[in-house]
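As written, the chain order gives the labels A, B, C, D and E, with residue 1 at the start of each chain.
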Amino acid sequence: GDGGDAATSSDGTTALKVGVIPIVDVAPIYLGVKQGFFKEEGLEVTLETAQGGAAIVPGVVSGQFQFGFSNTTSLLLASSQGLPLKVVTAGVASTGEADKDFGAVIVKKDSPITTAADLAGKRIAVNTLKNINTTTINKVVRDAGGDPATIKYVELGFPDIAAAVAKGDVDAGQVVEPFLTIATGQGDRQVVSNYAGTDPDLMVGMYFGSQQFLDKNPEVAKKFTAAMTKSLEYASSHGDEARAVLNDYTKIDPAVQKSLVLPKWPGTVDKDSVQVLSDLALKDGLITKQPDLGTLLP
Amino acid sequence: MTVVSLPGRASARPVSLGLLGLAAAVALLELLPRLGIVDSRFLPPFSAMVRSLAEQATTAAFWTATGQTLRGWALGLAIAMAAGIAAGVVVGSVPLLRALTASTIEFLRPIPSVALIPLVVLIYGSEMPSALVLVVYASFWQVLVQVLYGVADVDPVVRDTARSYRFSRRAIVRTVVWPTAMPYVVTGFRLAASVALILEITAELIIGVPGLGRSIGLAQSSGAVAETYALVLVVGVIGVLVNVLARAVEKRALRWHTSVRRDL
Amino acid sequence: MRRVLPALALPVVLIAAWWVASAGSTSFFWPPLRTIVEAFPRTWTADPLVNDVLPSLARLAIGYLAAVVAGVALGVAIGSSRTLRELSEPLLEFLRAVPPPVLVPVIALFAGYTGWTSKIITIALGCVWPVLLNTIEGVRSLDEVLRDTARSYRFGRVATLWHVVLRGASPRIVTGARQALSIGVILMVISELFGADRGLGAAIVQFQRGFAIPQMWTGIILLGLIGVALSGLFRLVEHRTLAWYRGLRQAERGA
Amino acid sequence: MTVILNVDGLAKTYTGHGREVEAIRDLTFQIHKGELVCIVGPSGAGKTTLLRCVAGLLDSSGGEIELDGASVKEPPPGMAVVFQEYGRSLFPWLTVRKNVELPLREKGLGKADRRAKVEAALDAVGLRDSADAHPWQLSGGMQQRVAIARAVAYEPSVLLMDEPFAAVDAQTRADLEDLVRRLWLQLGVTVLFVTHDIDESVYLGQRVLVLSNRPTVVLEDVRIDLPDERDQLGTRSSARFSELRGHVYELIQLAKKGHRPASPPSAG
Amino acid sequence: MTVILNVDGLAKTYTGHGREVEAIRDLTFQIHKGELVCIVGPSGAGKTTLLRCVAGLLDSSGGEIELDGASVKEPPPGMAVVFQEYGRSLFPWLTVRKNVELPLREKGLGKADRRAKVEAALDAVGLRDSADAHPWQLSGGMQQRVAIARAVAYEPSVLLMDEPFAAVDAQTRADLEDLVRRLWLQLGVTVLFVTHDIDESVYLGQRVLVLSNRPTVVLEDVRIDLPDERDQLGTRSSARFSELRGHVYELIQLAKKGHRPASPPSAG
């Protein structure tokens, strides 16, 4: 891919395509578009949904998307493999409160597993192997004195994790909202909040663009960051509106929508927590060398 | 004259019988969760799916998505059929070409379209062409293999007849090879039609190309189980309709064939 | 030798073309073939071969064979009985149209989320269609005179099935089985996207997600090679079982 | 003698695919146990149709067929059919030997018994050398002889043959004619034999049923009052033979011209 | 008269599928332009093989075939073949009319012309009524007549027929024999006619080539010195006819017994 150009129309607005995953995490950008924060910057943003980084990263690299959303570990992986990506703004972060985070490891109500240490030697379902969820679970288990090497991870989609837990096919599963609320509503129990347990300010996901595009269009990047920061802050301070905007791009049940735990949407990237994730990735063998956080992060 | 009513009866029968089969499946789908054999949280009863479907059917978005899916599917299928038939007839009628391409074809066929997703996104992003490439790639092989075997099925006496009357190569293809391969092509069409639908949906689901698949993806990642299956129902129904179409085509085009003429 | 040469000619040309065209590639997702080839031995060492590839192939073999058996059995039943065909066709078409990514969770609901069962069922469910459809059509297009011959000599059910119906339909059954083979390989990958921790498909997807693109390419190439190997194996079987058919079809071509 | 086959008012109309063909209008005749009856008639008269109805392979559209007192609904046991489409009636995936052997196996014969019968039958039709060939490696006449060998080896009690010697040379034909007569005399099998060769019908049969043009009725039931001991040279040169063959020939000519009997002909 | 077909030392051995059959060992004969030559020989002698070689549909394993001075490598223009497997040589997906018409279309004939020729040919074989049926809706003899009509309508300069009347009744057969002779006289077409019917070969041909048993050579080239004007009753009852037919019959019997000529027979 050549990084591409932003299409700027005659009236000075720039059309942007942003690849996002249709989950709670990206509520701020939807809200921001709705509130006109991007328009104010002269950006005409179209949001395109995809199932995960596998579809978004190549899209950004090839210039099909100008920006994308991805979890931090994926970005670290890409960066350490030499993909020229650059984070432009923070995305979503842990609430930092145990049992009140937007992602956690759940077990059946009557499961003997009660602490993170109990997870050692168990079968745990995660939505992607060798990624942010496994490294953070490993971390909390290790911290609790268990040996994460004995954990057997199984990959399942979020919608199926609760079912697998209920069926007893796995001992535990890591889910995020809205599945966390759905599962606990149906009687499942949280064992540990793996994000908050890793770092209270854990940067779980971020918005990024390709190095090439950013070099060519520094102005656009700046405007996008500005609008995005505004959106993040707005979403943080207007929780109800953030919940309401979910209606626009998800099909979350209204009751769940009302009670689910919203993540934190900080306006800036918490570099320390990214470093933590990078260290974890290295430790768990996801990467062989530390990516250059200086070039990856803004 | 005694059996004049026969054709009418014959055309009415499959519909009702087929509906009976579907009804049995519906009953099973309703009963399994209701009797607690499967957890209704994860597989809702059929009635819940239908209720959800009825709700969605009132929205314009649903119909737009259905239209987008059908368009992508039909286009991809048409391209795959045309390319598969052309390539199959050419490669199948020229032994040298067949020998040359055999290993390459076998190499390319098992490569899952899913593995190609990053590549097509790289080129086309999450736009319709992305799904189209995947659809064409996957269904092309279905048609090709069927046509290859169909072309090889030409009766040698028939072929010799055509040769002895010095039919041109083109005429042989049109009047001998094509009709012989036709039953295989129909099967190829039926196989390709569903593979194309599957890939269209999958591409929409994973890449986010607009269509029913994307709606399924949305419903899935929102934990909306009933809605997910409601959409799956729609996809299945499209599959059934496609088959009805294929059977109708077969009935006309293969009137002469043993399989059709016997069970008139 | 005469058979091997043309089989190699085109691949050699294509590989050469790929090699040359990609030599100077700087694109992250289209690495030079050279890089991929270099990554191959590093990627597919003994451990992944034993722990990823072998289990995958074993699941593929079981699922595929189950599909062929089921497809032929069902196909013969449906092909022989018009009533059964009309009864089951819409339902089968419905199931056929449901994409594996949404079907897999339903299978898992019954067959378990982890372990081999649901993966084998996924593979079998994908492979069964070409076999089933072709068997149905093969049985339907069996020569009437042959069928009458068997009937007039009052062949028993088993003999009719074995000596007449299956043999007569075998060219089409083989067509279907051939189709199913590559679908099986594809579903082997798809089944491992779900509830797997190891396996060839899981490995490829992990490479993809970890942006280890050359390694991902080696996985794709490995899949292709498996496809070629399996089809070679298949051809051996086909050669034996369909010798009569090739003879029949070539009989007048001066063989 | 007991009536083994009773065809009463048989009618058959083919419908479908936009055509309606009244092949057989009204056929009534009876065949006694152990009789050898030849059927001749114009091409397209419905001989094959009749045979397929008798064999229980085709549903009639009217009338009744009784074999051994039981109405024929499906192929009755102890019957063998040699089809006009001999080439298509052989299993291409089996060798000649296996083709002949398979019905015997289905009949429940032991291995040694089967082998002996197969060898004898192949010998009788002169195909011993080709036992291991596949049908598509044989000439047309050889294929037809395989079909005959299969029927002969089966030792049926009712034998239906539809132009079984159409593709063999004159000498082989004579040999096969004698084979059929020998089998018939030895085993007491009831034979229904469709042929286009008038000489053959007279030489072989005890009766010759001459069919009319389509829609078919029986034009005449010619009794062949030649002695039961027949031989190719003597019988064929006898005056009565020429007379009978002349009569049948005339009937065929009449049939082709569209002549039909005024009143229903009397059977037997 | 010019030699149109020159078969010189033709040999054909079938190999493959575990069998090796020497069908034709050494065939040498010539046919002049406009001749009508019949070929008879035991079943499995290689008549069909010979015809397929002449038609350019089968590669020989030795010897040379020249048609009109050119070596035959592929089907030559202006040739029509009626195959022994008449049933399989018709296109089941086409109606009778279309089956007959298709070669004419390939020949480049105009629509009106085609229609006239098709109607005439179907009329000649008595199939006018079945023009819109599909081949599988016809009786065996009718299918064979369709194949004949197709060849006749094509108006070939060389006509190869492989037991073309095997499945039709005696009267139709006689009619078709006369049709072939009429066409031959009118159009001057060269005819190679394989038959098992000895009377037919003598009635039709100017020469009868009698083939030996496999591996095949020419046993004798019998010149039929009957007048060119022939009719079914007169010719067949002539003394010379009986003589010739007796001679051919004897040859066939010899052939079947495995008799082979001592020295290569002289052709023509």
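The criterion applied here is as follows: contacts are C-beta pairs under 8 Å (C-beta built on N, C-alpha and C of every residue); 3 or more make two chains touch, one makes a residue touch a chain.
Small disclaimer: the values here were computed from a predicted structure and weren't measured.
Shared contact partners of subunit A and subunit B, listed by label: C. Common neighbours of subunit C and subunit E (chains touching each): B, D. Inter-chain contacts peak for the pair B-C. Remark: subunit A and subunit C have CA centroids separated by 37 Å (rounded to whole angstrom).
As a whole-number value, the distance joining the C-alpha centres of subunit D and subunit E reads 27 Å.
Centroid to centroid, with C-alpha atoms defining each point, subunit B and subunit D lie 48 Å apart. Chain centres here are Cα averages; for subunit A and subunit D they lie 83 Å apart. Residues of subunit A in contact with at least two other chains: 1, 52, 54, 57-58, 61-62, 157, 159-160, 163, 167.
Shared interface positions of subunit E, defined as residues touching 2 or more other chains, are 14, 17, 52, 57, 85, 88, 134.
Shown for subunit C are the residues in touch with two or more other chains, namely 29, 105, 109, 143, 193, 208, 247-248, 250-253.
On the side of subunit B, the complex with subunit C involves touching residues 13-14, 17-22, 24-25, 38-39, 42-43, 96, 99-104, 106-115, 118-119, 122, 141-142, 145-146, 149, 152-157, 159-160, 183-184, 186-187, 190-191, 194, 197-199, 201-202, 205-206, 213, 216, 220, 228, 232, 235-240, 242-243, 247, 257-259, 262-263. Listing the residues of subunit A that touch subunit C in their complex gives 1, 52-54, 57-58, 61-62, 74, 77-78, 81-84, 123, 125, 128-131, 152-157, 159-160, 163-164, 167, 169-170, 286. Those residues of subunit D lying in contact with subunit C across their complex are 52, 55-57, 74-75, 77, 79-81, 83, 85, 88-89, 91-94, 102-103, 105-106, 134, 136-137, 154.
Residues of subunit C that touch subunit A in their complex: 27-29, 105, 108-109, 112-115, 193-197, 202, 205-206, 208-213. Across the complex, subunit B is touched by residues 1, 17, 19, 21-23, 48-52, 54-55, 57-59, 61-62, 64-65, 157-160, 162-163, 166-167, 178-179, 182, 186, 249-253, 256 of subunit A.
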